[in-house]
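The structures considered in this document are given below.
After this come two complexes, each holding subunit A, first together with subunit B and then together with subunit C.
And now, the complex of A and B:
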């Protein structure tokens, strides 16, 4: 029997960031949009659906052709993979890790729709005539295909895996990537996720009657549902060994994480917010921080009546009576599903690094029964040391991450 | 370089495993451990499942919300475990489920599509995945172990046995409920097995052949 010594990396650092969403195609464009308080929702222009001009969504403002040209991927490939590659590449370039080829590098990528956008194209022809339909449209249907396409382009061969836990998917990818580094299995992990808009998700959420026909109003008493969005967000996680060789300071560290489950309902949170409460509490315990140490909460804040009251109840149980500033950036990006944990991790890191707090757009009326409300305006020069980022998914799958200044 | 090449250097030898209970529901008849214990005497699936629910006095309001696949699996598990399983003997993380069927969630998928002609029903939509039945059984019993739902043409006892052996031999689970839960319209059949490592008087050795035998005779 071979005994291996596991040298645990005590700290996991964030060395690179990459993001694409309805408000920008890279980190810099996002910072500009936040500063201008400019939301990304609008009428549907790219997705081919009967809900055009009826349901607002937050589309990435680039066509598949433009994304293919940017990334060097073939035009016919799933939009999920296209978005994923844009953000993952930005993150890896941003990290600028010297001598990367001699390090153990992994790609942990999450999504919930996989290549569904292309499968939908296939079915239009196939349902009309079952001898028709191009099989190359279903070739990359699986969620894992997205990861493989992008890993190949990034030149990552040593370790790759795909997580799919609905709306907490990419927060769990970051959580898992951190554990791979902590257990000395990898030195560098590009972790996060991507999702593109599809008929499947738009019609599914519409059936659940949780889409707002107006721009969403997270944490507002008169909120009526969410707006779907799309995009991708990745962080580059590195070990303490790698951080010493960086040509720059890391952004921050990932100090806490937890995943807990409501076991309450397929798509709803328990009214007490049990899963979200346990996730936030567990992440605080992992980081060794007290609730009072948290300087900003990036809420899950979808804008559905159920999520926001459950999450609000859980926040109250932990933070009452001293609430940190909090907001839902889904008021800018819409709900990007499997990408949201990765996108909002990038926002959380930027909050620490750039000393900013994002506004919760369109907030007017405080929710009944709550003594707190989200931040309404973009705030600069904020002294932020610890940020909590919440991502809660269908199936009761709740994850909280905590990022801390180094 | 395979980064995990030394991660699992110790191989686990197969441990003895036993079928400590079985329960089938088909054509309105319930068979537990080879004995017919109830005949609902009706052929309609919905009536049959409700009759079983009432007969065993199972007070669980959520039952009414479930689709027929979840109702069938949940009822089979209730009767399988009743007086046959000591929950307190196990950590919640050490009890899991391996289920399979031929028709996935097609039964409720069809009902959902029919509802969409009028107003698409959210309550039907949330059941349009076959593994929801595993969730319903796990929530009822507080099980938190590994689980998987497979779709296969017919009951593949070799396949199920391989999955369960892997989970129990590697101490990932200490007890596993496995078997078949299938519904399409009025056709339905379930057979669940309780697999544990302790031998009881009534135990049958856990094997693909013994599962197949019980499945075929119910």
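And now, the complex of A and C:
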């Protein structure tokens, strides 16, 4: 790929959206659930784990059989690939790009544990006897396999890659995709991510003692942790050349993005929220906007004591004393890990397009030491021009994206 | 814009971490799995931390730190890694405990170190580096995706002195599973005869190779990194290679050496044989997978080898494919594919 300096395409637009999570199987169902303030958490029904009836999760309300039927993928394939295809296909269809086959199109997807849901099954038999365990269960263990399966189904073979930076994965995928367009390497990129619930991640977060046994309460003084969720979210990014040929207006543009590292601890955030502060600051600088221009922040807001206080501190450092409305939609979807940046990017775009702000469910008490609190009710007819979306992950990986009305 | 490789450090099954030698005492192994030679980690990592770190984290950090030291850089402008399997040791360890302990009383250590971006994160933590940090995990082009990211950051003027690495570890479990999947030879083989006894399967490998990429010219730079391209299931690789070379205003005649990804497996090597008898019939060819084994990010070993060939003006004897002498090559093409699906091309020049 030849990159020539100073020939950057200036603007990257969002032309399509696709999402699946515990509150809906497509964009329309999500809008309904938000309007009804209906959370997606409940008891575990699909994972075969001893934590059933003990830890709530936010499951997508479709079995693997149903997802396989919807997508045309084999039923034995990883749930992550199934979820990914549902949302990626919705996004591509929604974009309705004319003459797509003559454009340079890429698929940039993210996930945190690849086909782990199947590897777990394999591992039980394998541990008992290393010559046992069905190989088809472990064949697609790699994160890249999820992307490849979906790209093949979408017919995208020109460019594909996979990112994995824990919980900020798909936010990074989105701006990597935008940069591929800015560098004039591609015209269209479907970017985002997917993750299904696995015993691996459920037990992992459980050992860290950051799972709330009740429905999570992000940014509340009495928050006790996160609820795990699953799903997929994708945006279709297009160049200014492609946007001119669309049969519709683009939703908005990706005006700012930045990744910074907290460099503090493998899993914990620094008390000052250094990484998140730098990510938000960098994204603002990239977009040429001031903090006062931001009309809504879709917080990372996992509901863990550590994240929300670090993120809150970073928000305070940037926005004090004028805070924009903000909320964590993880109070609806749970924390979908590698999918969350993609899912929340879709929500951020919808906030601009549908003039809505999502409530932060179950919020009661403002966090001590903070002069702000999240939005409590679903708000309509909001004049929203710029939305900031935060995604922070293990390894201090902090990413902020800014979407702007065009 | 020109991109240069300022420095490189590589941990592999050969003595690649030692600057005094350059593949002149190639180590012979017999088996189907090559393990990386571990350096004295104490020179790079706080001894208190070493014992808590898995193999891939130690290899990654040591290679990254040596690369930075060799490149006289304290703080990279960005840290980007490529790894297909990520932290396998910790992943297997946590999975094992989930099964054996029936999901009870587990320790979080293996889980928190199992995420694919652990190495990139640990480097950032050690350096207190708040800059851009990313990790690519796409099978046979994980490393190339990281390189592309770095090249774009340079083109965008977003960062300079970018640390990019390819890292993958082979643990017993992955070796057993990949053997069952048919990737490796059924019988032990000498790595030095691997490429000349074609059969089904290759030998597995592992390693960590880091590079410091910059757009600043300097006599100390190892090589100019002219171009990079990845392809998925190309219909006609020969045509793609010609286009790639020509789009960089060169012809096949300008290429002094091709480093290819021959690995001793019949179906894997078919395309290399075909190119050797056609497009590359007048071009010197070098191999590398008999030295480091085959793994998803082995092209990072090839890039390390190419950079050193260009800097030192020496083509190590045991890498040369045919009975030709190649002295001081100026232009090198690296062509590798992983499992006939993911193909990558890299073009380098002496500075």
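What we mean here is this: the second predicted complex is superposed on the first by the 399 of 406 C-alpha atoms of A that agree within 3 Å, B and C clash if a C-alpha of one lies under 4 Å from a C-alpha of the other, contacts with A are read in each partner's own complex, and residues count from 1 in each chain.
The working rule: a residue touches a chain if its C-beta (ideal position, glycine included) is under 8 Å from a C-beta of that chain, and two chains touch if they have at least 3 such contacts.
Predicted, not measured: the structure shown is a model, and the values here were computed from it.
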(Q) Using the superposition on subunit A, tell me whether subunit B and subunit C clash or fit. (A) clash
Q: Please tell me which partner, subunit B or subunit C, touches more residues of subunit A.
A: C
**Q.** Partner chain(s) touched by A:145 [first = subunit B, second = subunit C, both, neither]
**A.** second
Q.
For A:46 in the superposed arrangement: first (subunit B), second (subunit C), both or neither?
A. neither
Q: Check the residue A:318 against both partner chains and state whether it touches subunit B (first), subunit C (second), both, or neither.
A: neither
Q) Does subunit B (first) or subunit C (second) touch A:179, or do both, or does neither? A) second
(Q) Just to be sure I read the superposition right, which of the two partners does A:104 touch: subunit B = first, subunit C = second, or both, or neither? (A) first
(Q) Tell me the contact category for A:246 with respect to subunit B and subunit C: first, second, both or neither. (A) neither
(Q) With both complexes overlaid on chain A, does A:395 touch subunit B (first), subunit C (second), both or neither? (A) both
(Q) Tell me the contact category for A:123 with respect to subunit B and subunit C: first, second, both or neither. (A) second
Q.
On the A-aligned overlay, A:166 touches which partner chain: subunit B = first, subunit C = second, or both, or neither?
A. second
Q: Please pick the stretch of subunit C from 57-65, 183-191, 255-263 or 273-281 that overlaps subunit B when the two structures are superposed.
A: 57-65
**Q.** subunit C-contacting residues of subunit A that also contact subunit B
**A.** 1-2, 4, 158-159, 204, 206-208, 263-267, 395
Q) What part of subunit A is in contact with subunit B in the complex they form? A) 1-2, 4, 104, 158-159, 185-186, 204, 206-209, 263-267, 395
Q: Write out the stretch or stretches of subunit B touching subunit A in their complex.
A: 1, 3-4, 6-7, 9-10, 116, 120-122, 125-127, 129, 132, 135, 138-139
(Q) Considering only the defined contacts, which subunit C positions touch subunit A in the complex? (A) 1, 79, 84-86, 91, 94-96, 98-100, 102-104, 106-108, 111-118, 120-122, 124-125, 127-139, 141-142, 145, 148-149, 151-152, 155-157, 173, 176-177, 180-181, 227-230, 232-233, 247-248
Q. Any idea which subunit A residues touch subunit C in the complex?
A. 1-5, 8, 49-51, 112, 114, 119-120, 123-124, 126-127, 130-131, 135, 138-139, 142-145, 147-148, 151, 157-166, 172, 176, 179-180, 182-183, 199-200, 203-204, 206-208, 259-267, 274-275, 278, 393-397
